[in-house]
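Below is one structure. I have some questions about it.
By written order: A, B, C and D. Residues from 1 in each chain.
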Amino acid sequence: MRTKTWLVGWALALAGLILAPGCGPGSKSEPYVIGGIFSITGPQSYLGEPERNSMEMVAEEINAKGGLNGHPLKLVIYDDEGDVTKARLDAEKLLQKDRALAIIGPSLTPTSMTVLEITQKAKVPLISCAAAASITSPANERAWVFKTAQTDQMAVSRIYQYCQKHGIAKVAILTVSTGFGVAGKEQLLSQAAKYGIEVLAQEVFGEKDTDMTPQLTKIRGTAAQAVICWGTGPAPALVAKNLKELGLTLPLIQSHGAASKKFIELAGDAAEGVVMPAGKLAIYQQLPDSDPQKAVCKEYAEKYQARFKAPESSFGGYAYDAQRMLDQALMKAGRDQAKIRDALEGIKNFPGVSGVFNMSPEDHNGLTPDAFVMVKIENGQFTLTD
Amino acid sequence: MMSSPSSQTLLELQEVSLAFGGLQAVERLSLRVNRGAVKAIIGPNGAGKTTLFHLVSGYLAPQQGRVLLNGEEIQGLPAHAIARRGVARTFQLVQLFDQMTVLENAMVGRHRLSRAGLLAGALQLPRTRAEEREIRARAMEVLEFVGLDSRAHQSAAVLPLGLKRLLELARALAMAPTLLLLDEPASGLDGAETERLQEMILDLKARGLTTLLVEHDMGLTMEVADEIAVLNYGRLIAEGQPRAIQKNPEVIAAYLGTDWQA
Amino acid sequence: MVSGQGRKGSSPWPLVTSLTTPLPILAPLLQYFISGLTNGAIYALIALGFGIIFNTTTIINFAQGEFVMLGALCAISIYHLTPSLPLAFLGGVIIVSLVGLAFERLALRPVGEASPLTLIIITVGAGVFFKGVAMLLWGKESYTLPPFSGEAPLHLGPATILPQNLWILGLTLVLVLALEAFFRLTLRGKAMRACAYNPRAARLVGIAASRMVQFSFALSALLGAGAGILIAPLTLGVYDMGTILGLKGFAAAIIGGLGSLLGGVLGGLLLGLAESFTCGLISSGYRDAVAFLLLLVVLFLRPRGLLGGRQ
Amino acid sequence: MNFARPWNRWVLFALVALAIAAGLDNEYYFTLLNFIGIYTLLVVGLNLLLGYAGQISLGHAAFFGLGAYTSGILTATCGVNPWLALLAGLALSGSAAVLIGVPALKLRGYYLAMATLGFGIIVSIILNQAQPLTGGPSGLSGIPPLSLAGFPLNTARRLYPLIWLAVGVILALSANLVDSRAGRALRALHDSEAAAASLGVDTARLKLKIFVWSALYASLAGSLYAHSLNFIAPASFGFMFSIKLVAMVVLGGMASIWGSLLGAGVLTVLPELLSVFHDFEMVIFGAILMVVMIFLPRGLVRGLLDLREFRQYKRKGRFPGFLGPGA
């Protein structure tokens, strides 16, 4: 005896109907629609959440002042939870359903790589907030892709310049097993020779690992004069604590991924003396007034704390700069996506939180190593160091 | 249904022993079952009757001794290999396939006599569909034999205990077995159902099926059994014609305790 | 040059120092051993939580790891309200045992004696549910909890150990002995084990099986929370810390033998050591892989585990 | 038209699939439907193993990953023809299934669950760490699209017919399988392994065969996933995805082929519809697993049909025959 399963057949047909009318909204509505894809939940939420907040903060400000050339900004932000499949679906939604003029994000390297495959084909400008250099290079295949995060290349060169200055020739590297970590490790290994630095040990740790003493014990066995820890999230703070526990006196150099007040809070007094490259946001008070970024950082930090009652984050700065640059491009180019792309590519000495941007056809990041300054943590505060 | 009688004995146990930890479930048991006969095994609870069944059907393997089917050693073979040699069984606690219908339960009985594998089943080529029809027909036959054909499409789970036992019997018969092991088929049946079961066992015997029966219902045993073996504490204490066994003092002592000395 | 703390004075353990200083190869091994033990003790504590419920109900609670997380986060919140560690410990432990009770009552009781398949899926679902609720309550940040007795590392020759680790090792030892005694010697303990062997028979002899089951869930939740609070100063508390800890705790319970609590602790320590030696000597990337490889080896060669009796 | 007879069901299935294709012009919906199709292949395979044979696997995403990465590596790095790479993926996943299945399927209940879970985690760690081969955590890009006789299926709309043809074929094969001799033996060993063995069913071999079958379905889905996204990262094949697959099986209904389609559909569309309050997704997801297992153990499809049958019984007072297989 067969059961009647028309119920399932009808359910599928109904699902088709419900979804169908949703497509094809009026595309000639007033506002400029801007898309956003961030890892708001999931393991990398400490990146996505401040990025979304900063983007919304800028849009609220613009709309309060009557929008751009009279067009209000309409933000459509999706959470990809750090998952490649979701990021792809969110991007398709922004392109097909919401008809976004341009998209900001995603927060991570893997999600950015999958999204740029279709935004590039659809000729829609994308400003990624992820670090890997491969997002905007090779330039000829990435005409429609920009990025506001400083690339790992620059952070590594700043670190190695610092090591040279302080007579550190032998280092051990400890990198996280994520896209960010792998990209950092490649740069650390490829640039070492250029600065006359020898990498004696290459250890890795998981993003969720909570005890790195075995790796550090192995490093203690080498002749390394400093430990370079490349990671984001809570783990780098635990590396600092483990280092202190083991009584290791080796100087600890972190990546720009750890340049946040949260790192100091979690690492506690193990953070003392830790050095890292950071965007100028971390120490903007100590910048000379002549530095064009000081005003921008100050404004961003104060507005963010007022609006969200939480400390500002350099990751949020990536989206903040992206939204402000996009506003400038929209003012100039209006709705034409090709013109928006050209406007973005033409941005020159634009002071942002992450550095002064000078875009060009060959460089869709527009930042130089001096977007980073070396900072040291002394009694719980970031202080400028050379 | 019958295989050619090469020798008088279909099943033979030689010095079979099995112990669970300290408990000697079956101890150096030797037993013969003649082709075409109905042999009953009786004995108090815990005498090792069901263990004997598990040993013959391959559910358990003996620690010592040999089990011979048609002269071939089968002890230690996995249960499905022994089943494929034509040994069918029912269970003391009914083991039906509850998520399937009565007909489907019977159709699984035809498993050893059909060949379609996973791929053939998925593709449903004509050959497989033909085999499927044949399986369905033979399954309906055994259901008719036990009188369950009217409930063929009902779920096995809803049948009352009596009918469940009949379905288990039908499923075993669907294998066209050479040897049928019945583990207390009458327990839980009312008078009429036991009567019906008795007729069926005799009918099957008439068709030449060899049966090994474990049963407490002495009335049924006396009617159907050609020979009775009595087990106590895993040892064979008596064997012979039903009449003789009934009067055997040792058997009575085993069942009713020593102070009932006749 | 960059300033850093110099090493404090000579170590109080002359024997250990004399042994390890001449042989430089021994020093890292000792450190791997110590960090292996301390991590292993964390897995052992969690394995105990599995053992208790299994001893009473033959259920494997896949949400056990989330009790660890909830314990840590509750204690951290309480500590922020009133900065007293004992109060935070007590509060965290009580809250989570109530959660354990509610979980048994609402999710497992209605199902009765269901198949392992059903119970696995329900407890896995509960784990995801608790994680989701924790994310809503505590957000996605990581939080710290101050260690119970200071952060100054103690020196065992070249190797160092934190006082917090001694708390973990110490409590694990105390707990396993207490629980073994409880299940072996006390009447209630035997009653709980009776429920596992045969709930119906247990009821027949007047054991309120359902109350025993509830008690076992409360006790194992309490233990999980305790473990969470103990490790929070080292591992930080975050809403998604429970999953991997739960899996490793379960692996430890199986390696040691599901039936035996002592086995669970042994399994945990073994797991911790395997991890830290692999990480130190082979490759740090495959640290978690070795833990589950060990699990597979035990499952395939000796499913009963090292000390497991009951199969 | 009686929908019960098999052929009518496939006509309805094709009709609905075509209606959706015609009705939509938007790439997003095709991408969504393609994912539903890919997940359905996975869920039907897992349902054969979990729902019909009663063997739990908490590491099924591993075979999905093996299929995806074999296709990805062979095509992106070695330039092999995608169809050959797909076959290679099937071969690799199949042999991995035998390797892990033989020892694991001797185990029962929790032990089997933990063995499959351990295997799944080990595979996802290898995908993450074997960076020179798999591209590591930042993923593997440059996977070419599939092409049929030179016609590249490089958009979701073009891939849609191929994926849903595969889904239709797999659903048909699985529905036939479940009703065949082997399918009955499978369901038999789920209800009582001892009784099935007593009828001559080699339960160990059959469990292994169905384990390999479900791994092949997963590998096929993995290859299609790799070629539809052109980029894969290890995070998509981890432990949480295995749990999501179990949820799809449970929601749709254990031992229900069509339920797998419904389970995959609902749990793919739900997060998209709920995108406004993403933070609740985990809570809802966990609740579904618990509630369905407690109140609707036979899943949505059978649960609703049971409800309908029960109401009929109340109204007409006659006791309807219970449900046959494959509802």
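Rule of thumb we're sticking to: a residue touches a chain if its C-beta (ideal position, glycine included) is under 8 Å from a C-beta of that chain, and two chains touch if they have at least 3 such contacts.
The structure presented is a predicted model; accordingly, all values stated were derived computationally and were not measured.
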**OP:** Leaving chain D out, group the remaining chains by who still touches whom.
**Re:** A, C | B
Original post:
Of all the chains, which has the CA centre nearest the overall CA centre?
Top reply: D
Subject >> Intercentroid distance (Cα basis), chain C paired with chain B, Å >> reply: 50
Original post:
How many angstrom lie between the CA centroids of chain B and chain D, rounded to a whole number?
Top reply: 41
Original post:
Roughly how far is chain A from chain C, going centre to centre by Cα mean, in whole Å?
Top reply: 35
Original post:
Just how far, in Å, is the C-alpha centre of chain D from the one of chain C?
Top reply: 34
Subject >> Residues of chain D touching at least two other chains >> reply: 128-129, 279, 281-282, 321, 323-324
Subject >> Residues of chain C engaged with two or more neighbouring chains >> reply: 135, 283, 285, 288
Original post:
Which residues belonging to chain B are in contact with no fewer than two other chains?
Top reply: 101, 153
**OP:** Chain pairs that touch, all of them, please.
**Re:** A-C, A-D, B-D, C-D
Subject >> Interfacial residue positions of chain C with respect to chain A in the complex >> reply: 1-8, 24, 27-28, 31-32, 35, 38-39, 135, 140-142, 144, 151, 153, 155, 160, 162, 231, 234-236, 238, 240-241, 244, 276-277, 279-280, 283-285, 287-288
Subject >> Sites on chain C touched by chain D in the complex >> reply: 60, 107, 110-111, 115-118, 120-122, 124-133, 135-136, 243, 247, 250-251, 254, 258, 283, 285-286, 288-289, 292-293, 295-296, 299-300, 303
Original post:
In the complex formed with chain A, which residues of chain D make contact?
Top reply: 2-6, 9, 12-13, 16, 19-20, 23-29, 31-32, 35, 128-129, 131, 136-139, 141, 156, 229-233, 235-236, 258-259, 261-262, 265, 269, 271-272, 275, 278-279, 281-282, 301, 304-305, 321, 323-324, 326-327
Subject >> Touching residues (chain side chain A, partner chain D) in the complex >> reply: 1-9, 11-13, 15-17, 19-20, 23-24, 40-41, 78-79, 81-86, 88-89, 92-93, 95-97, 109-110, 113-114, 117, 132, 177-179, 181-183, 204
Original post:
Mind pulling up the chain B residues that touch chain D in the complex?
Top reply: 57-59, 78-80, 83-84, 88-89, 91, 95-101, 104, 107-112, 114-118, 120-124, 128, 131-132, 135, 153-155, 157-158, 171-172, 175
